[in-house]
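Heads up, the next two complexes both have chain A, just with different partners, chain B and then chain C.
For the complex of A and B:
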């Protein structure tokens, strides 16, 4: 493990820790099993969406359809799960497959259609939201209790949500990043032509990166289903830009090639917790957006201040 | 050097043989019925002006691009190469002119990229990977690079070494080095050549591309010259005649390697006077003066602060101490903008990323740094802009279809002229050149030398950092030799020779004892031909 890679996550980690301390100071009650679980549940969807975004950003692309894929998979799951456990599980697998397929289609168009990712995923944002609305025109649906509890409950202070996230990271993210594909994803974003002349197929790498993004977005959609116990095709909207914010705050470079999961995950919990903290401190909802944006700008500026210490302007710009 | 082993090898099929190769890009013919072969145990140098088709040939030989026509044989067997990894498996590996490293991957990860050792679940076996890289480094004698460092943290020279190690990690039967030494200092080139000698003994076929004739002379067994996308001659190194080769490359005779030196400046007062410039660990106690019309060279081994000095003068280095006077006026160099206003112009190290906006037109590039003078009411005055661009093109004789041609389509030499035109347009007086002829062919170099002379004659002050000693000897009135980020020695007039510069760079007291390379006076060699 190259420790240096994790330096970029420090800002988000420290930010999250400070925010938790502030939250406990304002509202000591959150240090209860209920408070911890509730906070964890609130952030996990965004954390998963951030992973979906990160795998694409690592290649130097961006996926504007992350939120739409979250909404689409949420609509599918809540509409078809029903109460029979066997059918529910089949539907969950189908939901994962649907999200993965959506990512695969993004990847096909980006990699082989050679169209800018931002345009491709903007188009598929509408397509996936549209399909979601066909499946579920109005919010609602049915989500079995056992399923909701399985993802959103807790053992004392340990929320199942964090376990779910950890399992996904260990069983999906880490193996992906330890594979040749993961290495190729980093290399393509870091130096596209270099990767090409090293024998990496850039198109195939992009295809699978977007596909993996679809998979993680589907995981986010499934978790969201358990959390809200209903389906809504348009619920994902906020996750798109917030996932980009989490990825950047988490230390990844939008130009690709740099970023680890730790930072964006911490940043995702930071962003979702920030809303709770503002709420708990009695800030009027009218000022919440303003403060949320302001805090983000200040935190990011502070995190990057050290770069100004370098003597070369060239370094400032290339970092 | 075309000894018996090469003669014996000629009986068997060449390690690599390309015949009738054709390749064109969007109507431009890059290669036309090109033949090339390299035997086992031979160093075959490929020469040619920029745009002669060398790099395209390399890309075809190692599977990066497919040829439009022609056949490729490896050890006598016809092959079709689809990608670089397949080529590497068949024994062909290349070090590319443009570095292929991923800056945020480690050295080890870069070297093994796309052929990592994997376990049963497709996971990369990191420890095994690192072990292989350490073994490789040991084999080829790299002991100062930590395999776990991020590649982007290395110096350009070390990156190039890593690039070479990356090619060798495939244990190639044919190794292609496209400008593999352009960023290396003398010591490193020395080591690379030792390595090449060892590989040659093992029977590796080596294709070597370089613009440094001294290197070519030292290492070649055979030489092939390319011009306009085709092979115009192959000779054994023993029969090598430099002026003949240059002639082949250019297709015409060049009388002299260097133009006449600009006349000694007559001004007494310096245009630029720097005293006690310090910048933390980057620069120590730099004092220098340059007069109008003077060409001052900046020499030294790789990484002794030459580049940082230029960047500092151009406002790219922060928190400087010391005094800088331009025309006698104290000047604060806080940013490139301030430096430009003070009359500085930087012809940067990397033309592609720092010198030009590649996809934009000639016009846009030429006026880029002078827009503040070409606006009317906050908008760019199109007619003034066009006039400025026209003037720049005429003054530097830039060959292009029109001023709307994107600079990316121009040749390297013409691109370099665009950079200079940009600075002439700002009214720049002090021209800082950052190793401007690195990886540039002979003809373009020549044009460049003339340009520097013209700038001097026009009353500009020139500070030229170059890694090519012959250039400093041929062009400069004075040469400042840097060592350990301070100015170690100042050479003037007749005392500027390759030997004295090298001796001063190495910190050797006796100037005449430096015989690392036979002294070559390029003027004399040129005049004799």
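For the complex of A and C:
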């Protein structure tokens, strides 16, 4: 059944729906076009970052440099865009290319250097943040209004942010996952040796998965540029952890091979909406980091709790 | 396949290819290059300075080595360290006696470490994600506790001494490091707990089937890592004479890098603290060279990350699993 593939996303979907109901209960004004657009804008960067993380997690790896790539592309876009539309578009394409290249480099080192993805992406996290800081030592930059409006505006109740996300999913994610490469990505994450003996080049698959991750991280960076209308190389820091959390909460397994885009996207909106809900319920700003971190840890523990039901502890271990 | 490995063995003795050996050779080469560029590097003053700063990384690396040998990782060090340091300083500023304040800081660090092991060993969440989450929680806890303003306090002499003191011309942090290193080496190579750490890293299921509760081993490893982070936090407070909010930010990647450079396998099961010592010194030496040739902070990050990747390409590669 096609629906069975989406069971893993159920927790995140239900969580998101319950949170929205709670939010509307606390702050009914959120149901205005403005409120809906604002909420959508807040979550879209994380949703895109979660896609970037998901494609890598599906191969059984992890990409800790997602946040750094978001910050780097944000810095590039906000620094070079200027007000001339032609140049802006060229810069946007360049930004996408830069993010994709960053992901490609991650992939080269992981796949052909045969080094653990954790430590590789932890090192490239520093490299990409460093490059971002060279390009933009202080937060700032210039972002043209038309560009910001094109991504963060709304048409009645329909935020352009959701359209942007949907277009990316339909034109990039779905074709990618339905292609031979997409199948190979899932196969490698599910069973590396199985994939190898059935003729899939594991290294090449990993390389392109990380490259795709870089592309989606660049999309997140571009959306973030429109949302904040400024550039900041270090702004991406929180997206690394949150993207992993969104992927896990969204039902994908960190060991690879299992996961669909729907869950992590819902989880991303859940996690970002949570901050707004905390704001709306009047929690002191000092508590926000703590609550956000606490919820994240609880979400991670809860998402994994089902494993503890197994009768044999050994099953848990070998996973 | 067999032929190549035999012929290679005849050319280069196998012990030379081990991460530990390579890392010590690398340390000597790096130091020689640094001393050639600037003779000041070979002076006792500078070596003393390097050892003092290396001690902070070395102490954290004790816990990190144990955790990495089990195949996990502890990324909660930065804010665990900061919270412990700030807890100690606040207690002192409220008039608590110094030993109690230090004990409270160490206890707080150890508790956070135990909390790390709950997520990793019981909920079976990858420690990479879980400890990063705990790091975020500790960041939040620090902000709530201090309202973003760490206490200004006159530190008692013992805390200052732990970070910046001098005994017979040798920095006190170095003594702490030596003690920690002896502790780590005995723990890893002379105790049952140490053998279990390697066993978990190699194959947890087998350890479990042979009748050991691996969760307790994780608990021990993470608790020690938390303790080490708190200890380093106290030492750093003494070194910079005040705790501050960003004091831990350097200690996310760097201790991990030191352990990996020292030849411990990031997947667990092999390595040891001997290598981590040279790893810590290499890292400190690199940082110091980068700052003397006056590269900006951003440039330092770039060079540092690149060097770590290059070192990993040199000897951190996994074997092709073509069976």
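Basically, the second predicted complex is superposed on the first by the 289 of 319 C-alpha atoms of A that agree within 3 Å, B and C clash if a C-alpha of one lies under 4 Å from a C-alpha of the other, contacts with A are read in each partner's own complex, and residues count from 1 in each chain.
The rule is simple: a contact is a pair of C-beta atoms (placed from the backbone, for glycine too) under 8 Å apart; a residue touches a chain by one contact, two chains touch by 3 or more.
Being a predicted model, the structure only gives us computed values, none of them experimental.
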item: Partner chain(s) touched by A:193 [first = chain B, second = chain C, both, neither]; value: both
item: Residue contacts with chain A in the superposition, chain B compared against chain C; value: C
item: Partner chain in contact with A:287 - chain B first, chain C second, else both or neither; value: second
item: First (chain B), second (chain C), both or neither touched by A:204; value: neither
item: Contacts of A:301 with chain B and chain C, given as first, second, both or neither; value: second
item: Which of chain B and chain C A:129 touches, first, second, both or neither; value: second
item: A:116 touches, of chain B and chain C: first, second, both or neither?; value: second
item: On chain A, the residue positions that both chain B and chain C contact, one per complex; value: 193, 196, 313-314
item: Sites on chain A touched by chain B in the complex; value: 2, 4-5, 175, 178-180, 183-184, 186-187, 190-191, 193-201, 257-258, 310-314
item: Of chain C, residues touching chain A in the complex; value: 73, 119, 122-126, 128-130, 132-134, 136-141, 143-144, 147-148, 204-205, 208-209, 214, 253, 256-257, 260, 266-267, 296-302, 304-306, 308-309, 312-313, 316-323
item: Contacting residues of chain A [partner chain C, same complex]; value: 62, 64, 109, 113-116, 118-120, 122-127, 129-134, 137, 192-193, 196, 240-241, 244-245, 248, 254, 286-294, 296-297, 300-301, 304-305, 307-308, 313-314, 316-319
item: Residues of chain B defined as touching chain A within the complex; value: 59, 63-64, 83-86, 88, 94, 96, 98-106, 109, 113-116, 118, 121-124, 148, 150, 166, 279-280, 282, 308, 311, 315-319, 335-336
